[in-house]
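Two complexes are shown next, each including chain A; its partner changes from chain B in the first to chain C in the second.
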Partner chain A sequence: MTNSIAVALAVARKDLTAEWRTRELVPALAQFVVLALIIANFGFQIDSRNAPSIAPGVLWLAIVFAGLVAFGRAFAAEREQASLEAMLMTPASPTAIFAGKALAATLLLIVCEAVLIPALALFFGTPLSAAVVFAVLLATIGMASLGCLFAAMVARVRARELLLPLLTLPLWIPFIVVGGQAVQVAMGASSGSYDQALALLVDFDILFVVLTSLVARFVLDE
Partner chain B sequence: MNKFAAAAIGAVALMVLAAGAIFLFAPTDALQGPVQRIFYLHVSAAIAAYGCFAVVLVGGAIYLRNESISADRFARSGALVGLVFTTVTLVMGMLWAKPIWGTFWTWDARLTSTLVLWIIYAGYLLVRRLAEPGRQAARIAAVVGIFGFIDVPVVHFSVTWWRTVHPGPVIVNDALPPEMLATFLFTMACTLVLAAVMIAIRYRIEVLADGPVTAVAGQASLAATREAEPVR
Partner chain C sequence: MSILVGNGLTQWFGSEVALESVDLAIDAGEHMAVLGENGAGKTTLLRILATAARPTSGRLEIMGLDALRERRRLRRRIGFVAHAPGLYPALSATENLEFFCTLHGVSRTRVAEALTMVGLGEVASRPAGRLSRGMQQRLAIGRAILHDPKLLVLDEPDASLGSDAAELLASVMRDRTVVLATHDHPLANKLCQRTLVLRHGRSVGTPTRLHLVQ
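So, the complex of A and B:
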């Protein structure tokens, strides 16, 4: 068990070091999310009255598509250098390797969210509150577990760019429904129960992280 | 005439009988009028679709455990037939919603979760087409089948918690007059028979389409695993 955790942390550190040295993914994603805000501005004609009702939708659209890119990239580099096979040949458990890669991809997506949320506050005038940050972080955990599992599975399929969004987006919908509600309440665009939404997000996180770790064992052993 | 043709004719005959019950036996709804007759096939098709996706779930789980090719074929057949019944459910529901709700579509819990269901299993069938046939496609599809089946109640629950306008379950609430209940149960039984026959025929088509190729590929992958074992 402790050995698996050590393996997962080592794999995560390797991925984060690689990203730190190349600085490819995070700058690209940061530019992408800011561009999403610019596109939304021209698509919706944002002003101070309609911004609170549009901002949550723009936020989730940007997160979903940035997440797809981040999770797809996590396994793309391994595939290009055929290093995943080498890692799987070591005695380390495939689930631990997967957990490490998922952890690194999640942290990179969180860095990108750390650009997105302040940018949203700046350009859309939404409150920069801990409530928004907390809801986004909770949704990110569950979305990342699902997204990384599918990214790992389709990494060696020819049509992976098509398959990853096709398979992942519909399965993410529960997080968008509940996370969307939480962010709407936090931004004052909807009157609902923020606490209940957060509790549901925690439930979904537990459900999908447990399921992913159960299935990962069967999927990643070759 | 082989047994599949006979089963198909039997299933169609049952559906014609169900149509007779729906249009001739069941009374007209006092409030909704004849439009309400959509309900019988709409709900039956939805239940048949869930049944088909349960086949996909079980087939996928068995495949992940022991790589049984026939379990995977059942899963493939179930997904296709289930998608057909989901389409029937969605289209009939929209036809009913236009006169009753005044709109074809609204973002209600049941509508949203049924649409997500449709998209997930359409994705399932696309995986089978996009990934190289064999082990890889079957494994990805099995995982989609498992997550898809779990995701649908979750979507349903999360949207219900948010907002819903879909009519509640009338059958469990004992709100149906006996003639309507009898018609519904008969239609549901006929639809389930139809779904089972469609899966059986589709299974046969999958066997023929796989042909000797998969049998060889299956053996090859088995041989490959056997060779790989000592190295590990």
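So, the complex of A and C:
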């Protein structure tokens, strides 16, 4: 168990160090989410009344597309460098390797969200609250576990850029629906229950993190 | 005593057979060269022996363990140098090896030793992406011996190694059982006691003394 945690942390640290040195992903994703907000800002007739209704949708669209890129790169880079096999040729648990990759991809997406959420408040004039941040973070965990699993599955396929969204998006819908509801409530656009939405997000996180951990071993080892 | 025994190893890729009913047995401490033209099945065979791939059919026993079922246990005892170095270009040579020490669960003190052995002590802090192809190959060899494996599987490790390839390989192969695929017959002759020749996925004759084949 201790060794698995050490392996997962080493894999995550390796990915984050590589990203810090090459700056391949995060700057591009940050630019992408800001551009998405600018386009949405011009595309919709935003005013103080409709901004809280439109902003959550724009927020989740930006997260979904940034996530697809972030999680897709997590395993595609390993395949391109032929380094995934080198990792799997060690006695390290494939589940720990997967957990490390997912952790790093999640942290990179969170960095993008740290740009996205304040930018959303700036462009749409929506409140920048801890409730919004918390709902987004909770959804990110479950979305990352699913996104990384499918990214690992399709990494060896030539049409991976096409397959990854096709496989991932249907399973991300619960996070987008419930996360969207939580953000709408936090922004004052809906009168639903924020706590109930958060509880559902936690349930989804537990379910999908456990499921993907169980399946990851078979996906990576074969 | 045989440390590695393979019977009827066969690998199909779709409708193409890459390896057909290959039998082999390698004794402890023995060095066996696998020779053959491009596409003869050398890489396929070596990937199976290194537990990186599962054969379509056949049996493989390594160190008394069923290699198809006990892959993770065996990977503690097998070092594999594949065709591609499989390094992290943004990490230094030292960081690359330290990372794999964690994955193998061995002490990081092995890193300096491995780098010295493959002649990369002076470029230890250089990013792997800025190393020459030969240096990257040396680093991949250093990674393969980090955990002091009993069995070393080397897929054309001499590619781009330079003039001291034979000396370097001899030093890492010492006291280990080795399966080495190469196109370089003189090198195989120098480093190995036996050879297995593959042609169109089939072994040609029985594994023999290299000198006789040549």
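Keep in mind that, in the parts below, the second predicted complex is superposed on the first by the 222 of 222 C-alpha atoms of A that agree within 3 Å, B and C clash if a C-alpha of one lies under 4 Å from a C-alpha of the other, contacts with A are read in each partner's own complex, and residues count from 1 in each chain.
Here is the rule we use: contacts are C-beta pairs under 8 Å (C-beta built on N, C-alpha and C of every residue); 3 or more make two chains touch, one makes a residue touch a chain.
The structure displayed is predicted, hence computed values, not measured ones.
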| item | value |
| --- | --- |
| First (chain B), second (chain C), both or neither touched by A:90 | second |
| Residues of chain A touched, compared between chain B and chain C (which is higher) | B |
| Partner chain in contact with A:130 - chain B first, chain C second, else both or neither | neither |
| Contacts of A:10 with chain B and chain C, given as first, second, both or neither | second |
| Touching partner for A:21 - first (chain B), second (chain C), both, neither | second |
| Partner chain in contact with A:82 - chain B first, chain C second, else both or neither | second |
| Touching partner for A:146 - first (chain B), second (chain C), both, neither | first |
| Footprint of chain C on chain A - complex, ascending | 3, 6-7, 10, 14, 17-18, 21-22, 81-92, 97, 221 |
| In the complex with chain A, residue positions of chain C that touch it | 50-52, 71-73, 75-76, 78, 80, 82-91, 95, 99-100, 102-105, 127, 140, 143, 147 |
| Residue ranges of chain B touching chain A (in the complex, touch as defined) | 64-65, 112, 116, 119-120, 123, 126-127, 130-132, 136, 139-140, 143-144, 146-148, 150-151, 154-155, 158-159, 161-162 |
| Residue numbers on chain A that touch chain B, as the complex places them | 146, 149-150, 153-154, 156-159, 162-163, 166-167, 170-171, 173-174, 177-178, 181, 192, 196, 200, 204, 207, 211, 215, 218-219 |
